[in-house]
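Next come the structures, one after another.
First chain A sits with chain B, and in the next complex the same chain sits with chain C.
Now for the complex of A and B:
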């Protein structure tokens, strides 16, 4: 599904990622953990194609294509989805309208008929139910005036409607209370399937109690320094991030 | 420059879609302006003496006035003697049906998508099309006549309803009002006239399309709408102009009169040629629009979407004379490339419990400059007057500008006046967010801009709102990536 080789990324003049290697197979859930400034979010944003993140080396192969060759909107239409750490407000643009445009852009790319308003609403209402999201969210402007929790829930709602092949969650748990965390996690878990992969970026082990990963990778200073199973997250929780730092960096 | 900005700039470079010239024989008088020209215009139109006298009075007033320069726009001086003040398609015979309209002109209107076609007539739009200076065809007139509604060209109104014209022309915008209004009063060629009798609710949207075609002709149309007691009317005005290198002057006057319990809704989509991407050519749009809420509980709503013209200078205003009368102004003004707009409104509260609402949305892209200028005046007898103003500016790219000049003059302590203003930039983050959901950059920008204008668009009649949204997309195409 996804093969990242020696990925190097620069933000402005600062080198953030110094060679990431990661292979994600269909149906797998990979957690990326790491201390602040380790490059976790940079990795997520680079995969989504954020214009502020310049890839200076390496390659990313997604379903047999060069992902880095695609514009952000093309990546999305090919099934890559990123849930934002800080979802953006778009005043005056109705959430349902926005999502319909997004879904139909994707369907068009796939050679499917565009959904009309009726079919779209039917689909969306069903998703809302599964996610326990209030219907009023559809008629509000995209993220405008949403609480932190509502914004994150809206991201998961977008994901549920767009049904990505590869979902990247960028610190989706940050700023969520335990109830919101559960709602978000249930949404993600409901979408797990043998065809769909997830990359879950998080600072805290807590999220991984709800979304249980197949693999955990620890990022430090722009590189993956440890990879393992679920137990690696627990070990991290116990010992702290300092434990993962390369010997030379330890004090 | 960031990538998003660059792409925005690239988008801004889309060409004007309506730049074609219709090849019809035209009856144009030589360039220049003097009393003889005023007399010639009047005689060509077979006007009565009183109207000629009125024109001449206006012309003499104009001679003594100086062109105003307080507005926040820059343009090359206008050579008023280098303009022809009258152009009409030379075929002048009376037309009984649309089929008789010159095919060339019909083709032009078709290109513009004007609903002159029979099938489109069924969509309930009555159209008075002004081609350069003479009204070509007025549709649906007979149906309206059954209700006593008069909807015709200004020239016809002068012939058929001289008393109404005489009573109201210049009553809201006197010929002494300002430089361009005086000029218009002297040389106006045609326009639309609407009268809605007492208690009649006009059953369809009335619509006029203005189009400037001939080279070097100014267009000086004059519109007069009178809504008698308890009547209601919604009027749509759409404007386009072909591509011309020279700047063309457009100085229109629109007067609205709302009597007791009457409502007038006046909506404009203005898409005059804005000049090319280097700022060459384009229309100078210097327009005086004003309505008076003469009677109690009357209401006037101005809604405008201004995407064209090289320079726009207009302030559709309301004089709230009747008690409990309401004035509203909803505006979207877009400036791209080198376009400049200085637009806004004046709300003049004279009656008691008068209310006004101002919602202005300025969008600047490329090197466009957008100025909101609005005045709220509360007279000393206007007890409990209320005003709410909201001025929002959206910047696309980093070489454009937005300016806001609100003026307040309050002579009654019971007044409540609120003003809110904001300036924002289309963020790369907003664009990226849309893209990350699969929405292409251009669509994303259209979506963000439309969202920004939503409060104004929802005031437009449905059909117009769709057109306005499309126009917005077209005019920002070169500006937004």
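Now for the complex of A and C:
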């Protein structure tokens, strides 16, 4: 599904990723953990194609395509979804209207008929129910005035409607209380399937108690320094990240 | 000098002559004048504009393209009321319509009282020029207590095979407790330059309501100058919503005088300045009496080498205690070469008032663009969505569905064409 080779990424003249290697097969859930500043979110945003993140080396192959050659919207229509760490507030753009446009853009690409307003609402209401998201969220402007928890739930709601092939969750757990965390995790778990893969970026082990990963990778200073199974997350919980940092790498 | 209709009553001739005398003395404004500092009208002043004589072949098709089903349609072609293109079949009770020429001659109530009296031409040279040619146009009178549901649509068509000038004139008088909605569409011959110099006067009687929607979609080679001036009496409500996408140079002077206690007004607008076009809006709000409220939102979208001028004047007179005035002016620059001069101008003489104003000029939010794109919208669709949201606050004020659809459709079609070609 996804083959990342020696990926190097720079943000504003600062080298952040220094050669990431990662292979994700269909149906797998990979957790990317690491201390602040290790490059976790940079990795997520680079996969989504954020224009501020300049790829200076390496390759990313997604389902046989060169992912880096695609614009962010093309990636999305090909089934890559990133749940934002900080979902953007967009006053004046209706959440349902936007989501319908996004879904139809993807359906069009897949050669499917666009959904009309009625079919779309039927689909959406079913997803809302599963995620315990209030219907009023649909009629509000995208993320505007949403609480932190509402924003994250809205991201997962978008994901549920868009049904991506590869979902990248960028610190979706940050700022969530335990109830919201459970709802979000349930939403993700409900979507796990042999055809769909997840990359879950998180600082804390806590999320992985709810979304149980197949693999855990530890990122430090722009490289994956350790990979392992679920037990690696528990080890990190116990020991902290200090050991991952090469001496003198941080002030 | 062209021949005007001989039967014009004496008072029309007097107003015409006074205006002609004034314009002869002051001439076209130049950039040394504060109100015209950023708008050089020499392309208008230095060209020769013969006064349009009669209609032109495209007028019917242009009218048909913007007609709103069900509305009372009043068509002004090159400054003259065109009965043949108009449709009064849905004229409701309580509404009286007259061509200005006939109305003036027949001494229709209210025309002599109000025409040319809503504001002073002394501070508006183009309005003086218009008045010096005072001849025809339309008068719309809502009688006392009339609640007019049917919208009135004025289609102002200008142009011809060769360059012309027209001075269309509209008078709207809403009697006490009456309500009326008027839309006006400015449109013209696409391939010829012309100069359209319009004056619209509105009198909102006590506790009356007038909603005025202006769709300025003149051709790209046109020069469009319009004075929209309203008086609002006690507890009256006036709304002006202006949508401007056309003309090489546009100048709007929109002035509202709140002349009775408890009057309320809205003065909103959206404009698009792209290519090398100049869109100038000067608004003026005169809070003359206590307990009046005003709401003003102007939004500009600038692309290419487009230029815009926004001047928002609010005067709160000494007696106008408990005034509540709010003004917002925002502009989005879609290119590095687009420019705007934005100037709020508050003159407050009363001490117990609430007056706020805010101006902001910015670019499209790239993080929002990325968010929309990351969900699958291409760049153009994402931009449309953000621009739609930006203009939405003003567009949602359009309360006539067919008109809203038409204006919205035109606005975004135009935006798409021009910003994509021009950026």
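By our rule, the second predicted complex is superposed on the first by the 245 of 251 C-alpha atoms of A that agree within 3 Å, B and C clash if a C-alpha of one lies under 4 Å from a C-alpha of the other, contacts with A are read in each partner's own complex, and residues count from 1 in each chain.
Note that contacts are C-beta pairs under 8 Å (C-beta built on N, C-alpha and C of every residue); 3 or more make two chains touch, one makes a residue touch a chain.
Everything numeric here is computed off the predicted structure, so don't read it as measured data.
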Overlapping contact positions on chain A, where the chain C interface meets the chain B interface: 48-51, 71-73, 76-77, 81-82, 84, 87-88, 90-93, 98-99, 101-103, 105-106, 109, 141, 158, 162
Complex contacts: residues of chain A adjacent to chain C: 48-51, 71-73, 75-77, 81-82, 84, 87-88, 90-93, 98-99, 101-103, 105-106, 109, 141-142, 158, 162
Chain A residues touching chain B - in the complex, by the definition given at the top: 48-52, 71-73, 76-77, 81-82, 84, 87-93, 98-99, 101-103, 105-106, 109, 141, 158, 162
Residue numbers on chain B that touch chain A, as the complex places them: 2-4, 427-430, 432-441, 443-444, 447-448, 450-455
Chain C residues within the chain A interface of the complex: 365-368, 370-379, 381-382, 385-386, 388-390, 392-393
